[in-house]
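Chains: A, B, C, D, E and F, in written order; residue numbering restarts at 1 for each.
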Amino acid sequence: MERRDGRGNGDLRSIRIYRNYTKYAEGSTLIEMGETKIICTASVEDKIPSFIEEEGGGRGWITSEYSMLPRATQTRSRRSSSGRTNEIQRLIGRTLRAVTDLKVLGERTIILDCDVIQADGGTRTAAITGAFIALADSIKYIIKKTGTGEGALRSYVAAVSVGLLHGEELLDLTYEEDSTVDVDFNLAMTSSGEIVEIQTTAEGRPLTEEQLQNLLLMGKKGISLLIEKQKEILEPTLGEIKLFGK
Amino acid sequence: MERRDGRGNGDLRSIRIYRNYTKYAEGSTLIEMGETKIICTASVEDKIPSFIEEEGGGRGWITSEYSMLPRATQTRSRRSSSGRTNEIQRLIGRTLRAVTDLKVLGERTIILDCDVIQADGGTRTAAITGAFIALADSIKYIIKKTGTGEGALRSYVAAVSVGLLHGEELLDLTYEEDSTVDVDFNLAMTSSGEIVEIQTTAEGRPLTEEQLQNLLLMGKKGISLLIEKQKEILEPTLGEIKLFGK
Amino acid sequence: MERRDGRGNGDLRSIRIYRNYTKYAEGSTLIEMGETKIICTASVEDKIPSFIEEEGGGRGWITSEYSMLPRATQTRSRRSSSGRTNEIQRLIGRTLRAVTDLKVLGERTIILDCDVIQADGGTRTAAITGAFIALADSIKYIIKKTGTGEGALRSYVAAVSVGLLHGEELLDLTYEEDSTVDVDFNLAMTSSGEIVEIQTTAEGRPLTEEQLQNLLLMGKKGISLLIEKQKEILEPTLGEIKLFGK
Amino acid sequence: MERRDGRGNGDLRSIRIYRNYTKYAEGSTLIEMGETKIICTASVEDKIPSFIEEEGGGRGWITSEYSMLPRATQTRSRRSSSGRTNEIQRLIGRTLRAVTDLKVLGERTIILDCDVIQADGGTRTAAITGAFIALADSIKYIIKKTGTGEGALRSYVAAVSVGLLHGEELLDLTYEEDSTVDVDFNLAMTSSGEIVEIQTTAEGRPLTEEQLQNLLLMGKKGISLLIEKQKEILEPTLGEIKLFGK
Amino acid sequence: MERRDGRGNGDLRSIRIYRNYTKYAEGSTLIEMGETKIICTASVEDKIPSFIEEEGGGRGWITSEYSMLPRATQTRSRRSSSGRTNEIQRLIGRTLRAVTDLKVLGERTIILDCDVIQADGGTRTAAITGAFIALADSIKYIIKKTGTGEGALRSYVAAVSVGLLHGEELLDLTYEEDSTVDVDFNLAMTSSGEIVEIQTTAEGRPLTEEQLQNLLLMGKKGISLLIEKQKEILEPTLGEIKLFGK
Amino acid sequence: MERRDGRGNGDLRSIRIYRNYTKYAEGSTLIEMGETKIICTASVEDKIPSFIEEEGGGRGWITSEYSMLPRATQTRSRRSSSGRTNEIQRLIGRTLRAVTDLKVLGERTIILDCDVIQADGGTRTAAITGAFIALADSIKYIIKKTGTGEGALRSYVAAVSVGLLHGEELLDLTYEEDSTVDVDFNLAMTSSGEIVEIQTTAEGRPLTEEQLQNLLLMGKKGISLLIEKQKEILEPTLGEIKLFGK
């Protein structure tokens, strides 16, 4: 079996991350993962959600909104948000909160808007990978502007999809592959190889334990390449700024 | 460390499944998992969703709606459905479809309504376990009434939550435990030990691979007990009816 | 003419009221009136609606929400609330407020959630009868906890439907009877025989004055039996607590 | 006790009904009951609701929508419809259907739009009284245009409010009176003195049976005057057209 | 070419403005422009929108809501507001704000509700002309009641539609004309001949510059007649009250 | 007075139009007008709106949806569409229909989605200019694929804003300028200098006729430059394809 675009089973698609893609947001990226293209912006607001206020405050919040342009897909879809959209934006928010120290962030909310310009599979995982850079830049902005927030990030995080087609494991599925695999799931991991999210979120047949182990391994390799890419982009620009704590 | 209700770390709460709980539905259960109580009804409709019709029909569909009574929880909540609700009902639908042969089911839709009467943790996993029995009964009803649908089920399926607290693995978390664990996820497996769904769906810290393996193992044991329970209830009433195909 | 279930024209169906049906609510019942089954919970909140606040406060409020599980009926219905639902919950709220001294209740809101598990006619009247017990228990809870609220109730209240079929009066209609009668209405009365609500709320033909008088009489007898039942349940548990004022 | 506007307890306010108030509708009135002013239009559509179609058709339907202009009241209110609005429009529709032979009407829907221009109490009862004339005119229009529909009406119908203030019965309450009475209800009756609707629909204290009888009597007298008024307006214009059957 | 109603190309339809049409509003008119009939009410509220508050307050606001009764048109339409409705009410609000000194008005909001009773073309322009009188009366009310607000109006304003049919210019289009013209636009001007709004807002073919000039000229003449009418109505009732500043 | 970005009063900002910006749409552009950036996609659907069907069909339709990414602006805004959004998308649709022969287009709908990535004033006019190219490309696609649709466009169309600041006319306002001008309006014109839309759509003071003439002249010059740009992009790629009729 050969993949339509000639990739090996364990290969990622080509990835490009353009930083500071828009001029108003405190952090922003255009991430391209093959033909999948997403604009991620991070907006910093000096307020916290009411449920944190009621718990006495003292920490911040990170949340996400995910949406597709109507013609990001083969056939035009309507603008109204669906259950699927809700599920995806909850996933993005949770994943980014898992690598952030919300107390160090302080009483602020960072909103990650992920708007899909073109969808060719793996939009939710690409959104996580791209939104992480926008998040990091917005925390850099906070540190520079207020002198607080150093060490608010605990680690890098990136995500990728894996799937099983006729018994073979595949990394980073395109839309076409995603429609034909027997099962697929999404994986988000940190720079230290820990698992942040693991989710079967699409139709699928059951999976043996061995298959699960193989897919985890493949996903882990892919994610470590994505995090390398994130580091290449982010590190040279940090200078004295201490973004990561522990 | 000892659990508040005296259970061992790998113990399930007591489980009760009342069948034919309401008189109108084609299948219905009241499932109680400790203090968590859910009414699951299966409604059979002789039509299929438009997206299947557009694909030429020839198969059925299984979907789910999940809701909580306003006072199922400690403090009253509003009736409007949230993003969390959407995510849960999509999970329930997907899990049940994964063990059903939709072609054998034929051009019908079965809707599983899961209404939480009292919530004490693990509502989405208990809903899956209880809804499976309602689904099975509604397929029995179809077979009896129409002579079609034999073998529409591929296997049993049940679900449970697992979590990590101060480094210890816990099975089947109560609401109180759920609020204090470092990480938890939900696991749905078949009677042959295959994984149908694995999902981190709540706030959490990252997880090492070893921890993941231990939690998978503990979940697997719990689920096999739940499926034993399902079999005890269902099998004596099947008689000649062949519910399971392959 | 004989009623399908063998009852006499002036007979009630069998009635069962299970108290403290759920563990979180300040008052809760499962009421069964024949095959009609409703969960009623009373939730006490320490705030008042804005329209009372604007009038200067100094009194409480009682309100109700009414809903049906989708498969409470012969054919599954959708979850969204309709105009009919609005009308019913307004009726329940008004009826309970009519027997409550809102000043004695103090600046609190009690919300009565009435969720129909199974519907076989008379859901709104059974909801009133069952919600009254939940309301009484929630006021008992307030008295015990705060020492205020004694005498907040003025009297018992219960409700029943009556209808006319081929010139004969019928008490407590089932769903099947409800669909065939020429006219029916709902009646709520207090323990002292006063009328709280009288409502024609379904399709019907006009009614002569004599027919109205006969139906009022029949309804009154039925309600006095329901209130006897309420007293049997409530009184033995009151002890020193003075629930009723004047 | 004297009424603010000098009326006797059993007196109606002055009533004016302007017919053909708008030029497009098949029937239309502006009804003024004291300072309460409502535009009622009847729109005839050659289709029937889906629930009648599913039952095999063969009859028509009458429905109503009720709304207030935002500044119909002392303080401006928002345009969105409320539960109260739903209840009122259901009442108007039911009342008019009760005096119509839907089979004779044939497979048509008549929609009665009742828009309150100025509200001074009794808007729902005035809407019924005024909408009846618009309905009659629209049936006249159908008979003239199609030759079918003769005898579609069974009788006249009108409505009025009654209430109890400090033990005295009052007819046709103004907004100010409505806010101070101990209890009030609405009554709709036919030209032959039969009861179509009787409804307590606002806050109130319980009512003795004797009080109910007195209020019914007072309401009946008021309604017979309203129906006289309707006859004065309608009859001279009917000519050969047979509007009423039995 | 002759106009259906016999008017010359540059003639207005007959116009009538009834003042104080409803008793509760601080200003109200029924404006009739031919068969187009609109109720305009002005409601004064002692609060300002949040966006003005955030800018430090110190000035008032004027806004509008526009709606049609369902049967204001040939065929009944639904009550829900559309994009077209939004556009019209924004136009009305902007036009009236353009002739008002919001600082002199002070921290108040005036809401102009324009409800179309009967629509025969030119509803948005008639609404502006009629709402201006309601606005003026509500400012008169403010001046009388509070002694502030003198000179809050800068000038009169009225509006009219113009269109091009087979190369001829037409003033004040009826609904029938509006449906057949090649292009039409709406024009709002002040008493000093200045342009407040100019809008093509319906389907149309492009327009040469010369045609634009001719239409502007025709519209200007029509508006000056409308403003004369407004002056006739308003001026005799002002007495000492100084409504207009500069 | 000098403009912040050094432009002369009658100068446009720099303009860039990237064609085929997304791979799925039948036509797509990214238009940049200074710092304003908008993605315009044209989606062709083989169906027509119901109102055209009811009129007997025989022609197509062009419609538009306009939206802003939440962080397209200085401060983040919510995703829900507002009245302003409705007005803008209606403007874009009307403008493009005015230069299209809908009968030649045939029974198809073309939807122009205009999504603002970054907003710095003039988004609605830039959307028109950019959407025209996407529309032209989608018609080219139809001609190529079906052999029908030749000559469906009547002319080019582009749009620009003009405004008055301290008595001076300004072309193509930035967001900052837009907030300070005394009045501004939007102008859409064809390649033959005809006016398609002229709209005051924002707050403003009245305008003398002379000022209007000067602004029209300035707008006309700007638009002819924009249309030159459109021609440069489009013409070299048309080859044999006859896009424009008359």
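Please note the rule applied: a contact is a pair of C-beta atoms (placed from the backbone, for glycine too) under 8 Å apart; a residue touches a chain by one contact, two chains touch by 3 or more.
All values reported here derive from a predicted model rather than from experimental measurement.
**Q** With a step meaning a move to a chain it touches, how many steps does the shortest path from chain B to chain E take?
**A** 3
**Q** Same or different for chain E and chain F, where same means more than half of the interface numbers show up on both copies?
**A** Both copies, chain E as well as chain F, present the same residues to each other, with over half of the numbers appearing on both sides.
**Q** Repeat of A-F among C-D, E-F or D-E, where over half of the residue-numbered contact pairs coincide, is which pair?
**A** Selected from C-D, E-F or D-E as the counterpart of A-F: D-E.
**Q** Nearest whole angstrom, what separates the Cα centre of chain A from the Cα centre of chain C?
**A** Chain A and chain C have C-alpha centres separated by 52 Å.
**Q** Take the average of all CA coordinates in chain B, do the same for chain C, and state the distance between these two points in whole angstrom.
**A** A distance of 34 Å separates the two centres.
**Q** Give me the residues of chain C that touch two or more other chains.
**A** none
**Q** Would you mind writing out the residues of chain F in touch with chain E in their complex?
**A** It is residues 83-84, 86-87, 89-90, 94, 97-99, 155, 185, 189-190, 192-209, 212, 216 of chain F that touch chain E.
**Q** In the complex, go through chain B and note every residue touching chain C.
**A** My answer: residues 22-25, 28, 35, 39, 41, 43, 45, 65, 67, 69-74, 76, 79, 81, 111, 113, 115, 117-118.
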